[in-house]
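Below is one structure, written out as C-alpha cells; comments come after it.
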Amino acid sequence: MLDGRGAIRRRAGARLWLSGGWLLLLVTVALFAPLVAPQDPLAQDLMSGRLPPFWSAQAEPGFWLGTDSLGRDVLSRVIWGARVALTVACIAGPLTALIGGALGLIAGFYRGWADRIISRLVDIWMAFPPVLFSILLIAVLGTGLTSIILAIVVIDWTRFARVVRAEAMNQGAMDYVAAAQVAGFSRLRTMTAEILPNVLPTLVALLSLEMGIAVIVEAILSFVNLSLSTDAPTWGGMIAEGRTSIHQAWWVLAFPLVALFLTVLSFSQFGEGLKDRFDPVLR
Amino acid sequence: MDDARPLIEVENLRLSLPDLAGKPLIGPAPKLEILKGLSFAIPRGAVLGIVGGSGSGKSTLGRALIRLLEPSGGAIRFDGQDITHLPEADLRPLRRRMQMIFQDPLSSLNPRRRVGGIIGGPLRLHGFDAIDRRVDEALDHVGLPRSFRSRYPHELSGGQRQRVGIARAIALRPDFILADEIVSGLDVSSQAQVLNLLEGLVADLGLTLAFISHDLSVIRRLCRNVLVLHRGEIVEHAPTAQVFAAPRAAYTRELLDAIPLPDPDQPWG
Amino acid sequence: MSALLDIRNLSVALKGGPRLLRSVSLSVAAGEVRGLVGESGAGKSMIGKALLGILPRSVEVVEGQILLDGDDLLGLPPAERRRRIGQRAALIPQDPLTALNPAHRVGPQITDRLVDILGWPRARAEARALDLLAEVHIPDPGRVMKSYPHELSGGMRQRILIASAFAAEPALIVADEPTTALDVTVQKQILRLIAEMQARHHTALLFVTHDLGVVSKVCQTLSVLYAGKVVEETTVRDFFRAPGHPYSAALLAATPKYTDPDGSLTPVPEAVIAAVRAEVEAAETEWQHGRR
C-alpha cells in the first residue's frame, strides 16, 4: 500500500512529444485542409476508382494513399475528416469537462443538498444505456455536427461529475481546507483556489480521455450514418465504406482507422504526459 | 474593552459527531459524543497547556474553540462575543484573530501551492501591506531560509513543514493561537527556537495560547496552567507546578510515570 | 555475520543540485534497533526513502550501495527490487494523515497489502489486523477498521500505520518518527510492542526520532546526522555516557527533562553549529575533489 507509491517512475518526455507531435500535425493539416489536401475530397472520378497507395506499381501520382470505389482521394478525405474529428473533440471535450467538472466540484465540496441533487441526477442519468440515449438524442435533434457535440456533452458529463466529486471529497478531508477556513477565505474561494488546483490533474487526464472518446463517438455515429451527410468526409463514414470493399481496396479502411487509433491514443497519452510534466507534486 | 475578562470562555461545551462506522444501511449515522461538557477559561496573554491521552478529544476541542466544528451544546465566547453557533460569514471578520496550527503538517499545507503563497495568501486576504517582507520575517522567525518561499510542501522535511504551518499562523499577528502538537516533530534546537518565539509573542504582544502537547517537559516550561483531558472530560485543571508536584487525577500520574527520560539506566516501568 | 541492512557510502542529490545525503554509511543487523537522530531537515527521512526506493523524482542516488540481505538493491531491476522491499521491509511514514487514503476505510488499507502482496486469505488478514490494532491499544478495533481516516485522532492514525507496518512481520521496519502523535502512556506501550517483536521475530528497526528519551529506551545503536552527513555512529550506552562528537554532546545537553522545571530550552550553541557546519563543508569540498 505505502511502499510502492514512489516506485512508479514514468518517462514523461517521449510520450509527451510523440503524442503532442501527432496532435499538432493533425491540428495543422485540419486547419489548413484546403491548402494541404492534394485533391478535392468530394471530387469523384469513377475512371480512377480503387487506386492503391503510392508504393504500389498501379498507383497514380497525386493520390498518395489511393482512392476509394468512387475515385475520391483517401488522403484528402482523411485530412478533411480530421477537421470534423478535431472540431468535435475540441468542443465536446472541454464543454463536457466544464459542466461535469463544475457540478462534481460543487457536489464534492459543498456536500449537503447540492450533493444530494447532483448525485441523484447522475444516478438517474446513468440508468440510461448511452448508445440508445445518443441515438435517441440524434433522432430528436436531427443529424449534424452540433447534434453530435450536444449528444456527447449530455451523455458524458456524468463521468466527470462522478470522478471530480469523489476527488473533491478526498481533498476536502485534508487539513489544508480547514486551514483556508481558519485563514478566513470564503467557501467559493476555497473551492476554486485551493481544491480546484488539486483536482485539476485528474480533470486534465479525464479531459484528454474524453477528447479521444469524442473522436470515437463521432466515428461511430458517422459509421451508422447518424452524423453528417453521407458524402461529407468523416473517418467513421470512410471506415463504413471501406468495410464493404476491404478485399478489393483495404487502404480505404486502413488509413482512416489508423488515423483514428493514433488520435485517440495520442489524446490520452498527451493528458498523462502533461500531468507528469507539469504537476509540481509529481516532479 | 474589559481587560479583566478572559479572552476565551467555555461553558459546558458539548460536541457530537456522526459515527460513520456505526451507520446502518439506511438512516442517519448515530452520534458519538466526543466532548462531554467542558468548562474553562483562558485569560488574555495566558498559555494553557492541554494534555491527555490519544483520542481524548484534544484536537476536537481545538477545532471547536476556533469554530472549525460547531458545538452541539454549551457556549464558547471569544473576547466576550458568543461564537458558539455563529455562521461562517459572521466568523470571517474574527478569523484573523484566532489561528490554529494543525497536528498533521503535510495535510495542512496545500500540495500545489508554494510556501510563499501559503504564508502570504492569508496576509493578502486580510489587507496587510508589504506581504513579501512579512513572509520573509515569518520564515526568519521559525528558522527557515527565505529561499524556501519558492518550494512546494513536498519538497520540505517534516519539521520544515511544521514550521511553515507555524509561520503562517504567527504572520497574521493573531490574538489567539491554538497549537496542536506542534513541536513533537522538531529537533530540540528548532523546538527551543519555536518555543522561545511563542513565549516572546506572549510576552511582547499579549498573545493568548492554547498548547496541545504530549511532551510534558515542554508543557512544564511553557504553560502556567494545564488542563488534563480524559475521554472528553476534564479530569484536572490546575497550575502547572501543582500538577507536576502533586497530580490529583490517577491518569495524570500515569502520564508522568510513562515519560522516558534520556538516560538508558533509568528504570522505566 | 553480514548485516541485514548495510548502507555504504550513499549519496543522494537533487538532480543537478547539491547533495542531500553525503556518503552515508550505516548498518542494521537482524534484531537491532538503530536510532537515527539529527536536526530537522538533516536527511533522516531521505535515508529511509532511498532505502525503500521511494525517493522523490527530483532526487537521485549519485553513489553508494544499499545492501539488503547482502544484495545491492540499487543494482537490481526495478520490479525485482520492489518485490524484495515489499517482502522484507515496511515503512511507518512520518505523515500519518496523508499516508492514508481518505476515500477508503481503514481496515482494507491494512489488509490489502497482506492479501495482495503476501497472498494471505482475506479472513486471516482481517483477523491479524484486528489483533494488531488491539496490540497497539486502539480501543474498539472493530469500529476503527470501519472508520475513515479523518474520523480518527492523530495518535490513532499513527498507530494504524504502526500496526500496518508490523502486520506482515517484515524483517526490517523504517520507523520515521513513529510516536510523535502519541501520548507518553501509549508511546510506552508501543515501544514495548517493538521490543517484543524484536525478541519474537528478530525484527530490525531503523528508528528516526527527535526524542533522546525514546532513543535511550529502545535503541541499541545510534547514528547522528547533520546536514546529510553521519557525524557520529555509536552505541546508545556510549552515547549517553560520553558523546563522541561535540554536536552530539550539545544535542544531549539541549534535551529538556520534565523532572527539571526550569530545564534548559536552549538551542544547540551557535559555536557548535558553526564547527559542525565547517566540518561538513570541508568533507564536501574534499568529496568534490575526489570526483574530479
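Here the chain labels run A, B and C in written order, and each chain numbers its own residues starting at 1.
The rule is short, and it goes like this: contacts are C-beta pairs under 8 Å (C-beta built on N, C-alpha and C of every residue); 3 or more make two chains touch, one makes a residue touch a chain.
Predicted model only: the values in this text are computed from it and were never measured.
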Does the chain-touch network form a line, ring, star, complete graph or other? complete
Contact-pair count is greater, between A-B and B-C, for B-C
What's the distance between the Cα centroids of chain A and chain C, rounded to whole Å? 46
Chain centre separation in whole Å, for chain C relative to chain B (CA means): 26
Chain A and chain B: spacing of chain centres that average the CA atoms, whole Å: 49
Show the residues in chain B shared as contacts by 2 or more other chains, in ascending order. 104, 107, 154
Touching at least two other chains at once: which residues of chain A meet that condition? 174-175
Where chain C touches two or more other chains at once, by residue number: 56, 58, 97-98, 148
Show which residues of chain B lie in contact with chain A when the two form their complex. 63, 66, 68, 88, 92-93, 95-96, 98-100, 102, 104, 107-113, 121-122, 125-126, 152, 154, 165, 168, 172
In the complex, the residues of chain C that touch chain B are 37-45, 56, 58, 94-98, 105, 139, 143-148, 151-156, 159, 176-177, 180-188, 191, 210-217, 236-237, 240, 251-252, 254-259, 261-263, 265-268
Would you pull the chain A residues touching chain B in the complex into a rising list? 174-176, 178-187, 194, 197-198, 200, 279-281
For chain C, which residues count as touching chain A in their complex? 49, 52-58, 78, 82, 85-86, 89-91, 93, 97-99, 101-103, 109, 112-113, 148-150, 161, 164
So in the complex, the part of chain A that touches chain C is made up of which residues? 1-7, 9, 166, 169-170, 173-175, 282-283
